[in-house]
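Structures given as structure tokens follow.
There are two complexes below, and they share subunit A, which is joined by subunit B in the first and by subunit C in the second.
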Partner chain A sequence: MSASTTLPHSTGTAGGSTTRRRRRGPRTWLAALPLLAFTALCFGVPLGAIAFGAVTRTDPVSGATEATGEHLARSLQGPYLGSLIGSVQLSALTALVAGVLGVLIAQAVVTSPSRALRGATLTASGVLANFGGVPLAFAFIATVGISGVVTQLADLTGLGWNLYSFTGLTVVYLYFLTPLMVLVTVPALDGLRPQWREAAQNNGATGWQFWRHVGLPVLAPSLLGGFVLLFGTAFAAHATAAALVGGSVPLVTLKIADALSGNVLTGQENVALALGLDMIVIAGLVMAVYLPLQRRSARWLR
Partner chain B sequence: MAAMTPTPAPNDGAAPAATAVAHTTAAPAAGPAVAARDGERDRQEPPARAPRRPRPRTRPRVWRGAVLALAGAYFVLPLLASFVFTVHVPGQGISFEAYTQLLSAEGFTESLLLSLGLAAATIAASLLLAVPALVAVRIGSPRLRPVVEVMCMMPLVVPPIALVTGITTVLRWGPEHLSTTPLYQTFLAVQNPDFPVVLVLAYTVLALPFVYRSLDAGLRAVDVPTLVEAARSCGASWPYVVLRVILPNLRAALAGAGFLTLALVLGEFTIASLLGFQPFAVWIVSISGAHARMSVAVSVLSLLITWLLLLLLSRAGTAPATVSPGPSRNSRTSRTSRTSGKES
Partner chain C sequence: MLSSSARRGAAVLLSAAVLTTLSACGAAPDKAAGSAGGDGKNKTQPAAATSVADFGGLEGLVAAAEKEGELNVIALPADWANYGEIQKAFAAKYPKVKINAENPDASSADEIAAVKSRKGQTRAPDVLDLGIAFARSGAAENLFAPYKVTAWDQIPAAQKDADARWYNDYGGYVSIGCDAARIPNCPQSFADLAKPEYKGKVALNGNPTKSGSAFGGVYAAALANKGSFADIQPGIDFFGRLKKSGNFIPVESTPATVEKGETPISIDWDYLNAGYAEQFKGKGVDWKVAIPTDGVYAQYYSQAINKDAPHPAASRLWMEFLYSTEGQNLWLKGFARPVLLPAMTQAGTVDKEAVTKLPQVQGTPAFPASTELDKAKATLAEKWDKALS
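Take a look at the complex of A and B:
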């Protein structure tokens, strides 16, 4: 212990125990208090309200509250179940396609000798990954919507194209999911050292064998993690779909919005809460897969 | 699933490049096999060979060019087409009316100003909360680190639409249970339509993961304990250490966090629309029915503005380092001194 105290550089990031002991530790945690209090209040309380509302029913007349599984059960039936399945399908498909495309683009950028190209791609990816939501929906409406520029030029309607559908939504989602995958993948591909490939080649491996036995196993956690991240992003996306398709594609986010704004029936709020809880559970599972994967990939790629 | 994907739109123009590599699809590789099974577009094939034959210098260039060209086409096309859509009125020719009428459009200025105000407040709030916490975790309380990390990352798990269901529930408590208490006034003030604080609170929650990641990366790049130790040994006070030593080193990270938050707030639609407020994104949707051209024009502008901001901020974050020709240690000190000069 005393030896490590003399080497703050080596221990600074790994174990903070030495610094903690020497610094005036007892009071620094106060600085973290506002953050913790804020998240507990502004995030924890709504979250608690979701969980509580999803499993209880309050009688409007007497005000008595009782526990019930009715809302959760209803959120897993009929059109609500359909919307959950629709969301999962759309997210899985878009994440898969965007994942593959993102890896290809990232590999093209990483292997390119041009630093300008690399910088431009990363900057563009950073912007485009944040270009979800309403503006994106309108850009696509103007491009391949009913009276969109490309639709008119290429007569896409005649070819059976419809933007306001599952397929259309897929194409639109790819617009922000692919750049996100590029952002996630480029560091991972960078971590793939050229020496490994040289070593493989010196041992007589073909390119395919290199990828099969070295490249892909090393990359697998980050690629899978990227896929999971894209899935979560697509699953949570609401604004794009709301501005684009309205209600014609069954998505759980649209169903929640409908129930919340009272478009369906009054007294649906608790079903909205139950749906919200369903979403959180699914997204939570997704993250539970993502975080360990990310940690695992960090072992090789640094 | 595969049946769903005859995506004709953006790739039609790029067919020639793709046919050149179409014959490479036969051999299955793990990733590309997925692509092929999916019946996806030609764009995926070029790289199918990429992983396998990266050695020969000339061949990678072909697939790399094809991939980048196709990707470029897909990403540029909607932007170009949107611009054409806004300036070209069928039967009337070119007109920039959609842009010139923007300023006088009803609600444009109000909603934009509201969004900018919300963004400023959100950036301030998230940085004021996150910076002290993260610095403290670095220099004094490493045991708190997992707690802070989990707290900051949790919002990623909760989709905004789910969060908003919780928020509406909580906001209903005001009239239902608290109408006789002073808290009721707080509930009303928080929902003031002129400046809905509730949105700032919600956005701060949503922004925390991004702010945390950006700051954490920034702090990782700097040896904070050593810096603090050095400054303290030289007799610097704690506020001085934080303001003049730590923060200047975090400039790029702070700028990045601020930018991400700005982009997030400007584009946020879900929470604001479901709570019944009208910042920018909600306004665009509200005019899209009557002024389709204008709503697209605003969308194009918002992308351009976001892009510009990103460029400016990334430059602001790195400029001092690139200006000084010396090694990175020197550039760091020069950056530090420059910022402190500006502040004093």
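Take a look at the complex of A and C:
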């Protein structure tokens, strides 16, 4: 009962915020209605259910539901808070490293005269960007795990390598995040016209100065967008980490899985929902930082 | 001006759309409910039957179950404690009752969620195989039907709910599996695991805040290190030390990692480890199973009948089958210890050959009380991450 009464509120605000954009004339929202309805259903309803579950408690015996802040408070304490921090650290680090690597590879491909290299790189990126989950984890275990082929041949353990650690997980994430970055930046780099570079050179600019004052500002929105995409992908990843590091690298997606579908802890479902809500808030914060920055740098493109 | 009324219009339309869809979703499954009410005239309705006598004996139960014609089971992996053969044997014995097996790899939490979310639907699970904590919490939430199988009196009191809403079925001991082809001296105790020769070799079957067998491993390690059922902390500290020394690897041991040699030492239920030994014979894996001498911990899984089971008679027939000599011996064949093992040993109905294949263990198992278990879990959830990172 109370679930259905909260829902109109959430959808009401969704409808309100979208119609606030008046740029395209007064009546055009009608055309967007199917999209809005779809969005409200597919995002609004689950979001409402998560938010509702996160702030209420249902007594298992009597079935009475009451509002409580306990789940949210617990999700921001102790090991749960640790898992949120761990996830943000891992996602930010991997997105940053994969972002830089991806741009460098994409630039190399774009400026290379070889069309075959470009085709091969883009195809490989398309495949690898979608290679994740347990198969990826097992591929790494078999290659650079403790008894992995490469580990044995090159004595990686003696060199301090350990796949089942924060560092190991970072490397595994880079494996699918870097190709993703290549895919999203190649079109942007293609848009960087050679004439701009020639004009800069004719005016005596060094390569560094060109990138500092022309290249990077123009590319900034795409790069930021790529970073946000990578952050989100890493933040939401679950299966690879679950198969590789279990509980030894605290990640919020693993905690949610423990609470929702475990064989040990009972009655943790609402804390899982609260953690889900925390994740949405963090994703929202990242977007909130990204959007104004993007708007600012997008001016260069007009 | 326009935009404010437009906004209101959009909001109304959207809420209407959402509400329609919601009520449609809620209404659909209702049709299906109640198709299996049973027609007991003088007899008790199947859903209210608390023993086979309510059906007028086993024949009556079989007839009622065959009339329903179906049984929904969930979370029964074919390679776990011989569940594959158990389902086949049931199907062969009662060919008119069709088994619908759903999501074999589901967890206890998934099972409880399925019971709650599909209440009143024909596809709700009839019978549940649960971890003890979920059996207890499910009974507290009034999700299970009380039913005493014929062998009820032979189940030890510590292993059943006094109201017969759940009772233990099969279980085993925490054991140390070890690939003798890769490890020269297999460890026999938790104390052994800390030796430098096992660096990068020791794994658990998953994360103990999620996996029941990994939790059992930490509990057993606690008992081996001056802990108790009420105090699991020494077990957590033990794995913390193993992690620091590099002996512990956090990768979840699975048949794949065992075969590959990535988890050459795996702490797991003895029936799973014994199963691996069988499975990997002749594949370059010489899997040895030892019950650690210093930390003996046994745990049993429990059976329960969904209170709103769509096939109440078939679910009761399944329970009778599981707790029959035939069913119990099938578990034994899968290296699990059935709950009636002591009674059957006494009566001489036990499959003696299967018993000799079980890993040897001294003494009788002890079980933590509900409050001790809850406390141990709370401690584990709080401290595990920190000790391991």
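Criterion: the second predicted complex is superposed on the first by the 238 of 302 C-alpha atoms of A that agree within 3 Å, B and C clash if a C-alpha of one lies under 4 Å from a C-alpha of the other, contacts with A are read in each partner's own complex, and residues count from 1 in each chain.
Basically, a contact is a pair of C-beta atoms (placed from the backbone, for glycine too) under 8 Å apart; a residue touches a chain by one contact, two chains touch by 3 or more.
Here the structure is a predicted model, which is why all the values come from computation and not from measurement.
Residue contacts after overlaying the shared chain place A:Pro79 against subunit C, while subunit B stays out of touching range. Put simply, more of the residues of subunit A are touched by B, taking subunit B and subunit C as the two choices. Within the superposed three-chain model, A:Ala108 lies in touch with subunit B and out of touch with subunit C [touch as defined at top].
When the shared chain is aligned, subunit B and subunit C each come close enough to touch A:Ala243.
Touch criterion not met for A:Val186: it reaches neither subunit B nor subunit C. In the superposed pair of complexes, A:Gly284 makes contact with subunit B only, with no contact to subunit C. Shared-chain residue A:Leu177: touches no atom of subunit B or subunit C. In the superposed model, A:Cys42 makes contact with subunit B only, not with subunit C.
Once the two complexes are laid over each other on the shared chain, residue contacts for A:Leu293 go to neither subunit B nor subunit C. When the two structures are aligned on the shared chain, A:Thr143 is found in touch with subunit B, with no touch to subunit C. Touching of subunit A by both subunit B and subunit C, each in its own complex, is seen for residues 8, 12, 15-16, 19-20, 27, 29, 36, 45, 138, 141-142, 148, 242-243, 257, 260-261, 269. By the touch rule above, subunit C contacts subunit A in their complex via residues 2-3, 6-7, 10-11, 13-15, 17-19, 21-22, 106-110, 113, 131, 133-134, 137, 140-142, 182, 200-201, 204, 206-212, 215, 243, 246, 249-252, 256-257, 260-262, 264, 377, 380-382, 384-386, 388-389. Interface residues of subunit A facing subunit C in the complex, by the touch rule stated above, are 4, 7-8, 11-12, 14-16, 18-20, 22, 26-27, 29, 33, 36-37, 40-41, 44-45, 60-61, 78-79, 82-83, 138, 141-142, 145-148, 157, 162, 164, 242-250, 254, 257-258, 260-267, 269. On the subunit A side of its complex with subunit B, the touching residues are 8-9, 12-13, 15-17, 19-20, 23-25, 27-32, 34-36, 38-39, 42-43, 45-50, 53, 89, 92-93, 96-97, 100-101, 103-105, 107-109, 111-112, 117, 121, 123-124, 126-128, 130-136, 138-144, 148-150, 152, 154, 156, 159, 161, 166-167, 170-171, 174-175, 178-179, 197, 201, 206-208, 211-212, 215-216, 223, 232, 235-236, 238-239, 242-243, 253, 256-257, 260-261, 269, 272-273, 275-277, 279-280, 283-284, 287. Within the complex formed with subunit A, the residues of subunit B that make contact are 1, 4-10, 12, 27, 29-32, 34-35, 38, 40, 43-44, 46-47, 50-55, 60, 63-64, 67-68, 71, 74-75, 77-79, 81-82, 84-86, 88, 90, 128-130, 132-133, 135-145, 147-148, 151-152, 154-170, 201-202, 204-205, 208, 220, 223-226, 228-229, 260, 263-264, 267-270, 273-274, 281, 284-285, 288, 292, 295-296, 298-300, 302-303, 306-307, 310-311, 314.
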